Every structure is written in structure tokens, then in C-alpha cells.
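Chain IDs A, B and C follow the sequence of writing; residue 1 opens each chain.
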Amino acid sequence: MLTYIIRRILISIPTIVFVSIVVFGLQLLLPGDPALALAGEERDPQLIAELRRIYHLDQPIWRQYLIWVGNVLQGNLGESIRLKMPVGDLVTAKLPVTMQLASMAILIATCVGIPMGIVSAVKKETILDYGANVVALSGISVPSFWLGIMMILLFSVNLGWLPASGFVKPSESLSQNLKTMIMPAFVLSSVTTAIFMRHTRSAMLAVLRSDYVRTARAKGLREPRVIFRHALRNAIIPVVTLGAIQLGELMSGAVLTEQIFTIPGFGKLIVDAVFNRDYAVVQGVVLCTATGFIFLNLCADLIYFLVNPRMRG
Amino acid sequence: MVAVAATEDVLIQRPSAFRRLLRRKGAVVGLVVVVVFVTIALLAPWLAPYDPIATNFLLVRKAPSALHWLGTDEIGRDLASRLIYGARASLQAGVISVMIAIAFGVPLGLLSGYSKGWVDSLMMRIVDAFLACPFLILAIAMAAFLGPSLTNAMIAIGLTQMPIFVRLIRGQVLAVTVEDYVEAARALGNPHLRIAVRHVLPNIVAPVLVQATLAIAQATLAEAALSFLGLGQQPPEPSWGSMLNVARQFISQAPWMAWWPGLAIATVVLAFNLLGDGLRDALDPKEV
Amino acid sequence: MKRVVLPLLALGLLTSAASAQQNLRIGLAEDPDILDPTLARTFVGRIVFMGLCDKLLDIDKDLKLVPQLATEWSWSPDQTAVTFKLRQGVKFHDGEAMDAEAVRYSLDRHLNLQGSFRRSEINVVKSIDVVDPRTVKVSMGAPFAPLLAQFTDRAGMILSPKAAKDAGTSFGAKPICSGPYKFVERVQQDRIVVEKFKEHWNAGAYHVDRVTYLPIVDGTVRLANLRSGQLDLLERLQASDVAEVKKDSKLKFASLTGLGYTGITINVANGDRAKTNVLAKDKRIRQALELSIDRDAINQVVFTGEFKAGNQWVPPTNPWYVKSAPIPKRDVAKAKDLLKAAGVTNPSFTLMVPTGNEAQQVAQVVQSMVKESGFDMKIQQVEFATSLQSAQKGDFDAFLIGWSGRVDPDGNLTAFIACDGGQNDGKFCSPQVEAALKDTRSTSDFEARALAYEKIAKVLADEMPRPYLYHPTWFWAMNPKVDGFIPVPDGLIRLSGIKMN
């Protein structure tokens, strides 16, 4: 058990090293000179040379990598060349926003997806089951940016119920905060809701066919009791571990959602940074998301391992 | 002897799997929609009422009418024709990018699963690293690197999808190589490559097919997303994602510009998902 | 700990009660970059600086220079130095006095701070001398008439030397100038808040207590926010939304032609691409290209007629527009003749276009127009960051590019057309233009400069290295209760006089 956990943690280290190489490789891949991109309309050659020097852009790429890794190991993620702010500060400022968005999306997905999955498994091959399946598949299939635009059109422009964009800190006004976050959270949750529904459904079906549920029924237990006390308890385990992984997926799914609703989170930060060639930000943010993702995967594995000791990973 | 039996097994499985697939309503609907869209894409020049890039500056952003039954776009082109031609770009993006992912992912997966040891560990860590980075960011970076064009978007999507296939194939290889008949083939002294091609490959066709269908759905969405950010199909040629991108600007004056491409993407992706689900169920008797 | 929190909460309540009176929320089209006048680069940042930092001079809606921190200015007889008389009793937000030394310090910082974006704007300045506490003399090596116009923008912003010395390069995190509003807080990509500076020399002209700038990139979403009451005023309304906003009785609209332009830079002599570029071969082919384009139609189709068609570096409404070189009418027959005379029938070239919807639409409209004369024009969409690099390396045939515009026409022309101009991507070079450019800079006399610009316009119309297409118009939309907003051609939002009824 302990050896498994330790091994699992050790394995994550080379992965993170590769992530750092991948994110740094992006810099090598992307055309366009960050200094030139930064200069924009003010293209003064002397200034551009100066900017290159300040940000070590005139150094060979391997040396830039070593400088960066050295700084990261000391907890310094570098400085955004566009915003002139430490990347660490940007990350700590943006992380809570995206976390809130992702958590709300998970919450919506749980409240909608899991009951839908239960109903469709229990009422298998009825109109309810088909309906739930179509809703779930639509959730996966509708492009999130399209859904977002359509919702803005309906709820903000036509009905005027919700603000079209923007962000209010929960500490300033919780109700305003929820008002601005509910649409993006819903859009972001659409895929996760579908995934939860489908997994709950198939897990429930598997459990409902199992021997002990049959035994429970044979004992004359009433159906709701069988479903909630016996079947659901077992079926929910894979869904919980899935939740941890989904949280990581949502962090990257937030990229487009935040772009549409102009929410100042991770996704918006990173897309802007890619287009502005603000490498320090791209690298810092991807490193953080990837590490978070790896960590959440690790958690999912450990939960699975703890709940279900028969599994050896 | 054993080898022959295994091959036969696969051969017998196929027609019955197809019949099982046809018994699923969802899968059939998906299949039909996919076939319809492929047909539309192939026959676009005959089906489209107008030239998709012919402009008419007197008919800018006109609502659907008898002449232009889906309306016109921001520089007076017929939306129906653009939608029909756009099917080409979207289906190409979906299919070709997944083919790229398979072409690189399958051999690498076979290599990884078959070689075991440090090669395997190293490759899996690299795959983990790629999977840990946000998919869209990698695709954006890659598309920006290659330069905005439909072909490059397909390459970018294909390469970013590759790690999923590597991992899938490796898992299958590990599962298959412990099976008795493969052990037997190895004991009989068959060379590694022969075992891989004769015994392992046929057994991974089913999961690859399932994953491919689902990946096409994802890739179609990804192409739309890249076009949405200006990194996909180049003007004046149409693609659904780029049509949607332009439509966003006119959402309140000309909402029809956003309806059709959005609906088209949703329908095609839904169809591929239905088909993928059906295939998975049909090929895997354990699933319900 | 708890005891500390309570007074803080009370303070929070007080400020929010105060802000409830007059809080102007402005929707910006982008997130501003660093709020340090020396290091800042973006147009949108200048909108915010308008409230934060006063400049030596300002411009009015007719582009005339008006006093701000300098009350008087005079040229030396040889036109190589300017002397500024400074306003008295002006204070920075930190309470320090604004004097000649502060001006010297700020200009010196603009010139010498590492990574300064102001240097190229005022690098003709050779020395800055404090004559007395309210007089500063700025000397140049040679006459340079456009200098004064530079001082109406960031290069003329004066910052508190004490604050700047203490903060170093992080000055932009909490800028301290002498503007009518002082910095309160900034949440990256979300908001910038400023509040009224009560000791401002002209505090009476500012009626709004607090201004919140909210960057919302998507134009549709920005407008939706104004409609739903989340914003009071927004800048850069999309041209496609103008008609609708004008009709809407619940919104107020303002517009004014700007200082900038969009045109096509042709690669005539930059690198190997110029050797294969058909447009570089013969000026008649470039003339044919221009004659194939209907500028009014571009304006009608893409910008619903709200922009200004144009054929020069300044719009036809500008005092510097050369009236003797008007916009030529589209003439496909003549274009075909010119092509025939040049010995080409189906010239094929690629137009590089930065990503973005409006640019794509313009490119596609141009494409279908020039096709009629026989041009086979391909569109290559390139991300903005990449397009700049390609442009500089000469990796393009033709490049659709805009310029945000400067108050002095020199800022719209010299860098793009002088033989060694920093932004002369097509590497066009003409001795006649070179000589005329020198004339325009060496005198501050309007007539003499206008005469030199006329010469340049004639050469450019013949050589056609850079067909100009149109001039963007600034559009603002606001809540009807916002009163007293005056549009100025630089597109910035001046807060003086704005009231909320």
C-alpha cells in the first residue's frame, strides 16, 4: 500500500519534468518575436534589442531553460513581459477564479448528471432513458462557445436577466458574483454533466445486475431502498474518482468559456499570453495546471485504491 | 493451429458485431447522419445553389428568404452554399486529424507496450506530460507554430490527440500479450514483429475504431474552436468554425449567421458520438 | 485580529457609500498594459492615463495644442529649442509639488529608462534644463516641428519623482502623477479603479467621483453589458452595431473620425520576396491594383458606411489632408489597360492579413474587387505577433495593416516611408520624398509644411507603395444619463465635464 503510493508519487516527478520541457518547447515552436510583439506599433530597433537582453531572449534556448528551471525551483515563475508582474502573483490572483468556476461546474454536473444517470439506469430503455441520453450526448456535442453565445443572446440581450460578462469578487458581493458566474459555470459543466450521467448510468446498470442487488431484492426490500442503499453506494465510487480527474479537465476547458464571458481566470490569461508571446506566463500557467492535473490524477488513483483494495492500479 | 483459431475468431466476430450495431437505434441514427454529411461534403459542388465565395455587396447580411434560404453573410455570400462547402472542411478536419493521430499513435503504442522496460516507462511519462497540458493550449500553440491554415490545424489536432492513442494501444498490447495464444505463439519461436502484426494488431482494431469515432467528434469541435480563434480554415473558403467566428460579431443583427453552423457542428458531433457509443457497445459484449 | 477587521469593514462601507453617488463605469476594448507612462505601449492604456496623468500639453477636438501642465511655450529663433512655463501650485497625488525639476526628471526617465517606449518618440531631445522652478528648456540638435505634439501624449506625462524613484520599474503597479484622478486599485484583466483627486489644479471641471475601467474584449458582450446597465460608457463600439445603437432610445451615441488609417503595404524592395513579387515589378501594376479598389464600397460593406474612405496618411477631414490629391474613382477598364501596358495579364500575389474579423472582411472584399481587373489575390491569415516578424523580414507580397494615428502628420508618415524608417516594411525609398520629409520637420510654419506634404502625396500617388484604404471612426455608446462627453480625434476619453444625471 505505502509502496504503491510512494511509487505513484515518484512516477509523477519525471512527468512534471517532461511537462516543463513541453511548455518550454512551445517557446521554440511559436513563431513571432516576443520583443517585437511587445513593441507593437513602437518598433524601435534599439528598444527591441534592449527588451531581448532584459528577458534573456538573446540567449540560446537551453540556457533560457536552465535559467527558468533554476528560478522555478526557487519558487520564482518569472515575470510577465506584457503585464510586468510576477507570474506567481498572476497565478495566485487567477487561480481562485478558475477554481470557483470549475467547482461550480462540478457542482452543477453532480446535481444534474448523477440523478439523470440513476433515473436512466433504473428506467432503462424507457422514454426517460432515451431523453437523458440525448441530453447527455448533446452536452458533449454542442460547441461550448456556441452555447455560450446563445445563452448570452437569450439571457442577457433578450431577457436581460443576467449580466453578459464580467466578474465580481465573492468577497465584494456574493449575489453579484453568483449572477455573473452561473452562465459560464453552466456552459462549462455541459460536458462534465454528460460524462457523469453516462458513467453513473453504466455503473448503476452493472451494479443492478450484480448478485447482491438480486439478493437484496429477493429478500423483499423495497425498490428505492435497494437503489439508494445498495446499488448507488457501489456505483458512485468510480464517479467520485472521475470527479477528481474532471476537475483537472475543467481547468483547461475553462479556456474558451472564460474567453467568451471575459472572466479573468486562468484560461483567459493563458490565451492572451499565447497570442502576445508572453512566454513566462504561458510556461508558468501551463506548469501549474499540469501539476494540478497530475496531482488530481494521483488523488483519483489513491481514492480508488483506498476504496477498492482489490485494485492494484 | 492456435494462430489460425485466433484469426478465425476475429473474422467471425466482425459480421455479428456489425449486426449488433444495426440493432441500436442511436447508432443507426448516428450512422445515417454521418453518411448524409459525408455525401453532402462529397457532392458539395452539385448541391450548393451558389458559389460559396461569390460576393454580392448589395445583399449583405440578409435574413433567410426564397432566394437564399439560409440567408446571406457579412459580405453577401449565400450561407446555404457556405454551409454545404463548410461540411468538407469540418469532416476533413475530423477524419484526417484522427488518421494522423492513429498513424503515429498506433506504432508508438505498439512499441511502448511491446518493449516494456525503460523505453515503455519513458514513453508513458512523456504521454502523461502531454495529457497533463491543456489540449486546446497545445493545439493553439501548434497551430500558431505551423501557421494558420486548415491543413496545419488538422496536423495540430492530430498530434495533440496522438497521446491518447499511444496509451490506449499500449494498454491493449499489455492485456493481449498475456493471453494464452500469444504466449503460445511466442513459445513456438515466432519473431516479435510477426506476433505484433498477426496476433496483437487484430485485437486492437475494435478499441481503436471506437476511440477514433469519439476522437473525430472531438477533432471536429477542436477545428471549430481553432477556426473560432482564427487559426483554422482561411478565408474566403468556408468552415463551420470560421463561419461561427464571424457570426459572433453580428449576433444581434444577424443571428441566423450563428444558428446554422452551430447546429451543423452539434449535429455532426452528436452523430459521431452516437456511432462511437454504438460501436463500443456492439464490440464489447460486457457493456450494456 | 477581529478588532482590526471591524474598522476596516466600516471603512469599506464608507467608501462604497461615497462611490454610490457618481461612479462612472467605462467598458474598454482591451486590457491595458502596464500603467507606467514610460513603459506603456497600448492605445487602451492611454485612455486610462487620461485620468491619471496630466501632460505638458493637450489637444482639443480640432487638434489644436492647449495648455495643461505647461501654460505657455515658445520656440527658440532657430527652432531647435522649446521653453515651457509651468502651471503653479500643481500637486502630485502623493502631495509633492510639480515643478521644473519634476519635468526634467520625467523627460529624462522617458529618454533613459531601460525598455522605455518613449525614447523613439522624443529621441531628438538632446538636453533638458531647469531654468527656474517654473521654467524648463528642452533643446534638440536640429529643428523638429513634431516635438510639441509628442508632449500631448505619454511622452509629455509628468510623474512624481519621489514615487518613481521609490518604486523603480514597479511604478506602474501604483502610478503617481498629477492627473484629476488618482489610482485606487487594479485587478488584472478585470478592472482599474481611480477616484477623484481633490487637490487637482482644475478639480472643479471633474464631476465624477470615481471611475472604473472594465476591459471587455468582445464587442458584442461589451454592448450587452451597456444595455443591461453594467456599464455607463463604452469605447470602440463595433461599426456593425452603430445602426442599432443609433436607433435605440435607451442609449446615447457619439462618433468622430480618428487619426489613424488602414492600408496595404507593398513589398517593393525588402528581401527575396520583393524579387518575385509581381507588385514590385512595375508601378503600373500597383496603380492598377489601386484603381481596382472601390474604397467607398469597402466602407459600406464592412463598416456600414461609418468609417471614412481615404487615400492619404491623414483622413480627408484632417487639416493636413492634401486636397489636390483626391481619392481616385474605381476604374476597372483603366486598371486592365495598365496591366496590359505593364505586360501582365493575371498577376498573382498574396495579401498577408492579421487575424481578426474586420481585417478578414476587408481582405475578402478587396479580393473580390481586384479579381475583376484580373488580379489573382490570395489571402494569408497570420497571427498578429507573427505578421510583425514576417513584415520586418520582408516575408510578404502585400500586407494589410493599420496604424492608430498620431496628432502630428509626421507620426503617420515618416517611419513608414522614409528610406530608413523603422516601420518601412516594404522598403520603399525615394529621394524626392526624403527631401520633402526633411522640409516638413524643419519648420513649425503650417503653410511651408503643407507644401512639402503636397509634394509627397504626388510621389506616393504615382509610385503607390502603400495604397491607403480607409480611416477608422471612433464610436462611443453610453447611457443617456452620461452627459458632457466630448469626442476628440485621438479617441481617448477626457473625463473633464462628464456628469452623471
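Operating definition for what follows: a contact is a pair of C-beta atoms (placed from the backbone, for glycine too) under 8 Å apart; a residue touches a chain by one contact, two chains touch by 3 or more.
Note that the structure is a prediction, hence the values are computed from the model and not measured.
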item	value
Chain whose Cα centroid lies nearest the overall Cα centroid	A
Chain whose average C-alpha position is farthest from subunit A's own	C
Whole-Å gap between the CA centroids of subunit B and subunit C	45
Distance from subunit C to subunit A - Cα centre to Cα centre, in angstrom	39
Centre-of-Cα separation between subunit B and subunit A, whole angstrom	22
Subunit A residues counted as touching two or more neighbouring chains	31-32, 152, 157, 275
Subunit B: positions in contact with at least two other chains	144, 147, 229, 248, 251-252
Per-residue overlap in subunit C, given as positions that touch at least 2 other chains	218, 220, 383, 386
Residue ranges of subunit B touching subunit C (in the complex, touch as defined)	53-55, 57, 60, 74-76, 144, 147-148, 229-231, 234-236, 245-246, 248-253
Residues on subunit B engaged by subunit A in the complex (per definition of touch)	26, 122, 125-126, 128-130, 132-138, 140-142, 144-145, 147, 217, 221, 224-225, 228-229, 244, 248, 251-252, 255, 258, 262, 265-267, 269-270, 273-274, 277, 287-288
For the subunit C and subunit A complex, residues of the former touching the latter	31, 33-34, 36, 39, 41-42, 114-117, 119-121, 169-170, 172-173, 187-190, 214-218, 220-221, 224-225, 227-228, 230, 383-386, 388-389, 392, 403-404, 415, 422-423
Contact footprint of subunit B on subunit A as seen in their complex	11, 14-16, 18-19, 21-23, 26, 29-32, 124, 133, 137-138, 140-143, 145-146, 149-150, 152-153, 157, 202, 205-206, 251-252, 255-256, 270-271, 274-275, 282, 286, 289-291, 293-294, 297
Subunit C residues within the subunit B interface of the complex	218-220, 223, 238, 240-241, 243-244, 297, 300-302, 355-357, 360-361, 363-365, 367-368, 379-383, 386
